[in-house]
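Shared chain: chain A. Partners: chain B in the first complex, chain C in the second.
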Partner chain A sequence: MSPTTLAHAIVAGVLLGCFYALMALGFSMIRSVTRALNLTHGDLIILGGYLGYWLWIGSGLHPLFLVPVAAAALLPLALGWQWLFQRLREPKELSSLVLTFGLSLFLQNGMLALWPGEYRLIASEALTASVSLGGLTLNRGRLLVAGLALAAVGSLHVALGHSRWGRAVRATSVDREAAALLGINVDQATQSTFLLAFALSGGVGVLFATLHYLSPSGGAELTLLAIVLTIWSGAGHARSVLGAGILLGVVETLTLLWSGPRWRELIVALMLLGTLLARAGGLVPRRSR
Partner chain B sequence: MPRGGLIATGLVGLALILLPPLSGFHPYYLYLVSTGLLFGTLATSWNILAYAGQVSFGHAAFVGLGGYGAALASLHGLSPWAAIALGGGLGAAGAVIIGLASGRLQGASLALATLAYAEMWRAIAQNWDEVTGGGAGLIGIPALPTLPWPSPDVSGGRAGGYYLSLALLASVLAVFAGILRSRLGLALAAIREEEERAGLLGVHPLPWKLLAFGLSGFWSALAGGLYVHTVRVVEPDLVFSLHFSILPLVMATFGGVGTLLGPAGAALGLYLASELFLHPYVPAFHQLPYALALIVVALYAPGGLGTLFRRRRHGAA
Partner chain C sequence: MALLEARGLSMAFGGLQALRGVDIAIEARQVVGLLGPNGSGKTTLFNILSGLLRPTTGEARFDGARLTTLPPWEISRLGIGRTFQIARPFAHSTVWDNVLVGVTFRARRGPRAALERRREVERLLATVGLLDKARATAGELSLGERKRLELAMALSTRPTLLLLDELASGLSPRGREEVMGFYGQLRGEGLTIFAIEHSARVLSRVADRLLVLDQGTVVADGRPEQVLASTRLVEAYLGEDDEP
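== the complex of A and B ==
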């Protein structure tokens, strides 16, 4: 294996990892604020992608303009999901998995009925050109997506760390009851988290559709990815999700370099299985009792 | 069981036995109800595991292992009966392996581990072209032979497949009824309610849990083997489909986890309602009943979920 191939794989892995982090953020935010695990996460990304594809075919606009439209389109769903999640019984993690597993089936079938037939891709020429950077040839779309991911993670990091809203969200995720006792509007913090997470998923979906073919059942793999990153990143800070994403991206590209592209899905499933078995203590880091 | 319930169960059973001649051996309805019966088998075997407090999100793994095992054995010249039994063994082994690996996992972690396990097998079936035929799968699986008794009308073709599905459901119900009345049932209930305390009282949890995994995997895989010999093709997205993980969970949860007949009844009811009443009119939303059933249980009817989760409700988590 030549050094250039290796360098290329690592750079590609980092770019991929930034995108993975962006895809996982919504899942991780909802988990940290409500303890609920949303198995429809990947399906929502795919839904955003289909909406973007549909608008792109209809309007011919640059895909980037469609990102906010798809993001806005998922906001009503955010309210519906929040309504359902509020009513879940203890233990919340397992109940949320059961509920969203069923909803995932429903979303996948809806998408299959609306967009049947072959797989779809937003094949915009604006994004497929290659760029040469320090001797490495990279895809412009992937660079752009990685840049957007960094910008999103950065602004979320700043907003969570340095704003009233961020303080409220952080307090709610550390201890909901205590935060409410201290006069923090936990319902508002929860609702804004759902809205933001769903908007992110819808927008990410459009970006996903410019890089990968959409299929109605493709969301499951994205959900597994989001779960792996959320477990790896522990407490769910935006920057640790980014770190986990980059780690996963590099591990994946290096493994694929060694094994060939056939076994991509297997690697993701094994990562999740291995992570869970290694952390038999539980998904959430134990708080002091 | 109260007398009313017993009578109703008997009537449903009788109706299911008489359905083929009464429907004039209608191929479509027989196919539909036998698929419903297979889902009943699947929901009941999911329930055996849930009775021990283990919530699986990956029963597609066992259905798929049974399906592929039976298909490959059949295509290599084994008789379909032996092939289906072999597939059942493969599914049981696959279930014991994940049970062993995830021995210390509980609740949400176990659910996610089984989900990943099913995805793992799907990815293997999808890409191991030399053995599984990759994404295109395997075709030309022989049909089930017609039994000499009682007559080709009843023991061959769609009616034969129908009666086999009914017999499979009856056998898994008999096994579960036996479990509920035996020491095994007590041990599984003890593990569900308080795993650590069960261990202290001398019920070492692991062997019992593995037995529950094995039984559950075996019957799910038999259903998978029977299914591929009915449709006569096998593809990764057909037998390792998320459907086979989600639907048994929905059906058993809706029917009442831990009850003997609830999961099978819910399976037949939900499946037939979805296929007969919704599929012809609103194909896009024909799976709405499953989503609604889950929402109703999760939000308003803790009877199903509640019994399963009782252990944790007053726990320290």
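== the complex of A and C ==
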């Protein structure tokens, strides 16, 4: 194998990993603040993708202009989901699985009714061109998506670490009662987290639809991906989610390069199992986050 | 008018009656101790007063405001601070950041706010003797230091009434002496204190009044020497003071 092929695989893995991180962020944030596992996460991304596709077909606008529209379209759902999550009984992890499994079926069947038949892709020419960087040929769409992912993770990291809102969200995610006693409106912190997570899912959905075909049942795989990254990184840490995403992306592309697609899922599953056995709280030591 | 007043507070958890028509009145700048055996309802009472629980019946007022319909963050903003029996600082954050959270949500916003917050955190850490541990994570602290950190966190909300839940319990004799010092210092600063302690002896040294709860009912209320003079009461409800 030539060094160029290897370098190409690693760069492609990093770009893919950035996108994985962006897809997992919303799941990780909601998990962090509510302890709930949102199995509809991938379906919401797919829904954002379908909305983006529908708007793109109707308007012909550049897909990037549709990202904020799809993000905003999911905000009412965020409020509905939060209302439902507030009513979950303990243990929240388990009851959230039951609730969101039902909601996931509802969303999938709803999308199947609205967009039946065929697979959809936002095949915008603006994103399919190739660019040459340092001797490597890369897809412009993937580069753009990775850039947006880095910007989103960076902004979130700064906001969580240095803003009043970030302190409220972090304190709420660690100990809801203690945070409330310190004067933090934990309901407001939770609501803002839901709104941000759903907006991220909607926007990411449009980007996803520029790279992958949409199908109403395609969300399950994305939810699984978000679960894997959240387990690796621990919930609610934007930088760690990015690191875990890049690790997964690179492992995937190297596995594809060396062993072909047959081994991809198995290697990822083994890595997940290894993490769970070694460190239930995630790969990254908490103090260094 | 009393600063804190509760009338007929009752709390039932399913079939368990944790509080039964509790009446209390605490004047401003008083230090009031709350004693009682395990399961007598002390922490339940604190949970109601801090907004973590809604009572089944009855109501509580603080400085005229009705507490029993407010969420904890609004009660905190009214001026009630609270510590827990088992200290609950944010274990993976630094001592500095733990105190900064409360300061941030009580401080005004503006161009000089960051500097004021920094000074306030320094002042609070100096008050509880943790300034030299500011960069340590809360999880690295000893039990006594964690309790002092939680006291600083409660003070960071600028309370006028402090609910202290067993600040001295589990500490060495030296640690308990330090806590006694804090009680005196806070009282000197004009704070009103309502404190649960396991040790009647500890509380009698600092309290103006002692309340005794048993099975969710106030069974004694008076000056410390009156309450502790009742040998039968002490034996029946408080047990032997096992701390040296």
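Here is the rule we use: the second predicted complex is superposed on the first by the 259 of 289 C-alpha atoms of A that agree within 3 Å, B and C clash if a C-alpha of one lies under 4 Å from a C-alpha of the other, contacts with A are read in each partner's own complex, and residues count from 1 in each chain.
The rule is simple: contacts are C-beta pairs under 8 Å (C-beta built on N, C-alpha and C of every residue); 3 or more make two chains touch, one makes a residue touch a chain.
The model shown is predicted, which means the values in this text are computed figures rather than measured ones.
J.: Please indicate which partner A:A171 is in contact with in the superposed arrangement: first for chain B, second for chain C, both, or neither.
T.: So A:A171 only meets chain C here.
J.: Considering only touches as defined above, state whether A:R87 meets chain B (first), chain C (second), both or neither.
T.: A:R87: touches chain B, not chain C.
J.: Applying the document's definition of touch, where does A:L16 land relative to chain B and chain C: first, second, both, or neither?
T.: So A:L16 meets neither chain B nor chain C here.
J.: I'd like to know which partner A:G183 touches here: chain B for first, chain C for second, both or neither.
T.: After superposition on chain A, A:G183 lies in contact with chain C alone.
J.: Between chain B (first) and chain C (second), which, if any, makes contact with A:L270: first, second, both or neither?
T.: It touches chain B, and chain C stays clear.
J.: Considering only the touch criterion stated at the top, classify A:V145 as touching first (chain B), second (chain C), both, or neither.
T.: neither
J.: Contact-wise, after the overlay, does A:L156 reach chain B, chain C, both or neither (first, second, both, neither)?
T.: Once the two structures are laid over each other on A, A:L156 reaches no partner at all.
J.: In this superposed model, does chain C or chain B come into contact with more residues of chain A?
T.: So, of the two partners, B touches more residues of chain A.
J.: Quick one: is A:G110 in contact with chain B, with chain C, with both, or with neither? Answer first, second, both or neither.
T.: Once the two structures are laid over each other on A, A:G110 reaches chain B alone.
J.: Could you tell me which stretches of chain A are touched by chain B in one complex and by chain C in the other?
T.: Shared contact residues on chain A (touching chain B in one complex, chain C in the other): 289.
J.: Taking the complex as given, what residues does chain B use to touch chain A?
T.: 55, 57, 101-102, 104-105, 107-109, 111-113, 115-117, 119-120, 122-124, 126-127, 237, 242-243, 245-247, 249-250, 253, 283-288, 290-291, 293-295, 298-299, 302, 305-306, 309, 312-313, 316-317
J.: Please output the residues of chain A touching chain B within their complex, sorted ascending.
T.: 37, 84, 87-91, 93-95, 97-99, 101-106, 108-110, 113-114, 217, 220-221, 224, 227, 262-263, 265-266, 268-270, 272-273, 276-277, 279-280, 282-283, 289
J.: Quick check: in the complex, which residue numbers of chain A touch chain C?
T.: 164, 167-168, 170-171, 174-175, 177-187, 286-287, 289
J.: Spell out the part of chain C that touches chain A in their complex, as residue ranges.
T.: Within the complex, chain C contacts chain A at residues 50-52, 71-73, 76-77, 81-82, 84, 88-93, 100-102, 104-106, 109, 137, 153-154, 156-157.
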